[in-house]
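Order of writing sets the chain letters: A, B, C, D and E. Residues in each chain are counted from 1.
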Amino acid sequence: MIEIQNVRKSFGALEVLKGIDLTVHNGEVLTIIGGSGSGKSTLLTCINGLEPIDSGRILVDGTEVHARSTDLNKLRQKIGIVFQQWNAFPHLTVLENVMLAPRKVKGMSKPDAEAMAVKQLEHVGLGDKLSVYPSRLSGGQQQRMAIARALAMSPKYMLFDEVTSALDPMLVGEVLDTLRLLASDGMTMICVTHEMKFAREVSDRVAFFHQGVMAEIAPPAELFGAPKSPDLQKFLAATA
Amino acid sequence: MFDTALSANDLIFLAKGAGMTIFVTLIAVFCGTVLGIVFGIFRYQVGPVIAAPLTFVLDVFRSIPLLIQLVLANAFLGMVLRLGMSGLTVACIVLTLYTSAYCAEIVRGAIESVPQPVRRAARSLGLSWRQDMTNIVLPLAVRVGLPSWIGLSLGVMKDSALVYVVQVTELLKSTQILITRLQEPLLLLMICGAFYFLISFPVARLGGYLEKRWTHD
Amino acid sequence: MFNYTFQWKQALARLPQMLDGAVVTMQVALLSMAIGIALAVVLTLFRLSRSRILSGIATSWVEIARNTPALFQIYMAHFGVASFGIHFSPWTSLLLGITFNNAGYLAENFRGALKAIPDTQARAGRSLGLSELQAFRFIVMPQMLRISFLPMTNQMVWAILMTSLGVTVGMNTDLYGVTQDLNALTFRTFELFAVAAVIFYLITKIIQLGARLLARRMFRY
Amino acid sequence: DKLDDIIASGKLRCAVVLDFPPMGMRDADNKPVGFDVDYCNDLAAALGVTAEIVETTFPERIPALVSGQVDIGVASTSDTLERAKTVGFSIPYYAFENAVVVNDKVEMADWEGMKGKTVGATAGTYEAIWLEGKIKEWGEGQFRPYQNQADVFLALSQGQLDATVSTMEVAEANVKSGNFPGIRIVDKAPMVPDYVALIALRSEHGLIDYLNLFINQQVRTGRYAELYAKWVGEGEPAGLTIPGVYR
Amino acid sequence: MIEIQNVRKSFGALEVLKGIDLTVHNGEVLTIIGGSGSGKSTLLTCINGLEPIDSGRILVDGTEVHARSTDLNKLRQKIGIVFQQWNAFPHLTVLENVMLAPRKVKGMSKPDAEAMAVKQLEHVGLGDKLSVYPSRLSGGQQQRMAIARALAMSPKYMLFDEVTSALDPMLVGEVLDTLRLLASDGMTMICVTHEMKFAREVSDRVAFFHQGVMAEIAPPAELFGAPKSPDLQKFLAATA
């Protein structure tokens, strides 16, 4: 369970998160939508402790992420995250990309790590690209590799930050399919996305962020069917 | 047209000078690189404010002529501190610091060139700062920094021609000595220039090749 | 530990002479930069040209400039060319040596900068009806100069530092030459060269500052 | 003190200028030889130590001394009052007369012909300082100091310089060697003889006293004349005393 | 009139145009659609002589583009072209961007060129951005500026190469509006585009390129309503 309690966060004078309260239950797929700069990415990076927060608390399975005593490197093994772009380690092959963390962080043996990596890469449909360098992959393939890389740490939670928005329209589909697969496997996921169709289809709940505030949260049918706030109505109209 | 008074002896003499050039260069590049990496990582890690004094000192090394640095260091270490070092030692110290000043810039730039999201991705997977540095930043930064570093090393080799002011007889000085005796400036200068060129050019080409190859992937 | 008595007054008394030297140093460096940039543009065009001879000349120039010591180049410009009966004054030799060096390094920079300019830029220019040369002159070159502005500033600093090598060809009016002359008179090595170092440092800072201001004026995009 | 240090270390390091024939130069094996080199060797022998020759250029001999890279300078250093503020001078060990040397293509009858010409000398030497003063006094012509004596003669031979002033010994040696074609000696330069002394650190009185006595002994024993004959040639070596004054 | 007669063009071993025949009449708006790499951009750059051709002929108002004797710089004044991206000259202000060619190529006086530039910029709705540098413009504004810049040479024909495909979805509309405006002014245009809605609406005819061949050409109602070739059917299904 991920519990976010009244989290505030500023960059200099700019308050990016203005008191966010949100709980994500195990097995749930939560989608976050919202305009550019509304703080979606920032929230994700706070959840795995990449960014400090100014006040409030974030608990992952009861562990406070920003507590002094928390071993972040350990916590992060539980939380996979995939970003919009620049996900690949360009100097490593696809297989090495995926094997790196299991070996270095978990201390897995080479054959074990390799077996795990191959399994995950096959899972996302990259079983034939093992010894290729990321620069040879399409954007969509790179994103799928990043997903496999995160999965190789057997995380309990997965965070996705607009994983399709830097992609050619042609390549969006394959990545979304991978996410659908994960969701149907029962993974707990938070997905920031601009793909409304995907959000509608996959999510248990959808949250709408607006200027650092979580303005609305509801199951997709309700949120898309009967948006309450004018901001959300405007947003949906613009992206339709 | 090439009847010359140049003897085998003189060529050995030149070779000794060339050996000195290479020796001084190797020392300076090696020690300067080690120092430069330390300085560069320090500057990147502590931020501009705390690193300001170091930044200033390194900048001084890049802002006054090497010739003056050598003369001053020689005068200061010998006259003022009376350390009684040989000219060779002074030359190595100055060239080392001089190299490190440039190397620190290269290192900092190379680390900065690693995209932040890549490092975030590494940290998100649970890699520690040190693991991130050695497994992700180092290999990527080397690709960015190596071509400039090769350029720097060659630059140091060429600049080492100035250590004659502290009584170190390197290649160009040896050449001048022979010119004094033999009075064949053009021939001797050609030999000297060719030597620098033959070392520098292939290495520079290698740097260019690496740069091209690595920017591809 | 210090059994050396500093005589700063002696050095400071010579400050006016040294500042005159600094002016000469700046003149030589600026001039060598101005000519060097012009030559580098020509060399860049030569290297792009289809003519084997032109690109060969340009490539040799660039490689020799970059792969031999500046001291060697300046020495060559004086004693080397004199073997062919061509005589340059120390001032001219120094200027030629530094200019040769500047042009080589800048041409290499320009080539790198050109690669960074998308070729659609020249295409866009050509499709508006600009000739090849016009497209280079009005569209590619200004962008090239901007991209290489920082390297150009660095090269300018190098040019300043390189003037100190003029003493090897008999130059005695630049900052280093003046300092050396004064040193021969008084033997106050440490004090004199320390003052010279400070002046050199200030000059490079002024140049870097000036370059920054200039860049702000010139490149407002 | 320094004198003890030298004896204790068993090594005497002398700064010698090696492009200043016949005082200092290199032989076919590029080994240092010449009047100054022998002088240093003699001194080391007297001290019971071995000599180490450190080559310096004219501008660098003082820095080499004060920075402690050499113990003394046997480098034809003119004993000017300005310099004596910084380093310690022995009594003169040699005296030069200076010659005006010109390129063959230049018409010149005597030293005054240098007026308005491009002239040069070795940076940091007595004659360079004198010549630069003359150029300033005349208000025309050009003066170029080069880093070493060889560059000066190279420039003169190449025609980059019209004339130079150098010590008679060096001028004659260079003209005779044939290394520098197309130069000739036309006149003596009208300067006070250039008395040159050994140099040591200003504070090392013990060492300087020793040097003074050593120079005296060299003359007394005839070694001075012997070295003169060996390196300079026929004739009388210059007198090292000035009538009418004590040193 | 632009006449393209059996044009072939290869890059090395790759034949990119395999004998194209096409005539564009004055006042006509022709849209070209087709998959990536099918040779659309190449055809446009051949029309204004930026690329040489291997065989065939291209005639613009009867002048053979690739004939030796043709003054290309002059011919190009007749043919405006706008590319997918990197169109703006970043070192010139918007006004200077548009004034450059009229001054240097046509030798217009400064005031004349300026008047012309202002007129064209106002036409595309950038009258208030004259002294701004392109980096301050949105992608859509940059593309409109590029259009104004081409128009300032008073071209008879305009070629557009996917002018909206590098843009944020939000900005596509404004650029398409500008194209519509031009079309309604009676400009002869060839537009390569992926915007099917636009193609349907504005074009007199639509051409479908497939692997270097012009596989189909017809008025939009016919081409979209009853696609003949299976390739086109597939293509339309994928982009729907």
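One rule holds in what follows: a contact is a pair of C-beta atoms (placed from the backbone, for glycine too) under 8 Å apart; a residue touches a chain by one contact, two chains touch by 3 or more.
Protein names from UniProt, one per chain: A, E = Polar amino acid transport system ATP-binding protein; B = Amino acid ABC transporter membrane protein 2, PAAT family; C = Amino acid ABC transporter membrane protein 1, PAAT family.
None of these values were measured; they are calculated from a predicted model.
Trainee: Following contacts chain by chain, what is the lowest number of steps it takes to reach chain D starting at chain A?
Mentor: Minimal hop count between chain A and chain D: 2.
Trainee: Let me check something: if the centre of a chain is the mean of its CA atoms, which chain is farthest from chain B?
Mentor: Ranked by distance of C-alpha centres from chain B, the top chain is E.
Trainee: Go ahead and align chain A to its copy chain E using Cα positions, then give the rotation in degrees, nearest 5.
Mentor: Here the rotation carrying chain A onto chain E measures out at 175 degrees.
Trainee: Report back the single chain whose CA centre is most distant from the CA centre of chain C.
Mentor: Here the answer is chain A, farthest from chain C.
Trainee: How many angstrom between the C-alpha centroids of chain B and chain A?
Mentor: 46
Trainee: Taking each chain's centre as the mean position of its Cα atoms, how many Å separate chain A from chain C?
Mentor: 52
Trainee: What is the distance, in whole Å, between the centres of chain A and chain E, each centre taken as the mean of its C-alpha atoms?
Mentor: A distance of 40 Å separates the two centres.
Trainee: Approximately how many whole Å separate the CA-defined centres of chain C and chain D?
Mentor: 36
Trainee: Multi-chain contacts only, two chains or more: what residues does chain D have there?
Mentor: Within chain D, the residues that touch at least two other chains are 63, 66-67, 151, 154.
Trainee: Two-or-more-chain contact residues of chain C, please, as numbers and ranges.
Mentor: 3-4, 79, 83, 189-190
Trainee: Specify, in ascending order, the residues of chain B that touch 2 or more different other chains.
Mentor: 71, 75, 79, 82, 185
Trainee: In their complex, what parts of chain B are in touch with chain C?
Mentor: Its residues touching chain C are 60, 62-69, 71-72, 75-76, 79-82, 154, 158-159, 161-162, 172, 185-186, 189, 192-193, 196-197, 200-201, 204.
Trainee: Considering only the defined contacts, which chain E positions touch chain C in the complex?
Mentor: Those in contact with chain C are residues 45, 48, 50, 73-74, 76-77, 79-81, 83, 85-87, 89-92, 100-101, 104-106, 133-135, 146, 149-150, 153.
Trainee: How about chain C: which of its residues touch chain E in the complex?
Mentor: 118, 120-121, 123-131, 134, 138-139, 142-143, 146, 219-221
Trainee: In the complex of these two chains, what residues of chain D are touching chain B?
Mentor: Those in contact with chain B are residues 18-19, 25-26, 28-30, 54-56, 60, 63-64, 66-69, 148-151, 154, 157, 179-180.
Trainee: Given the complex with chain C, which residues does chain D contribute to the contact?
Mentor: 58-59, 62-63, 66-67, 82-83, 85-87, 118, 120, 123-125, 128-129, 132, 142-147, 151, 154-155, 158-160, 203
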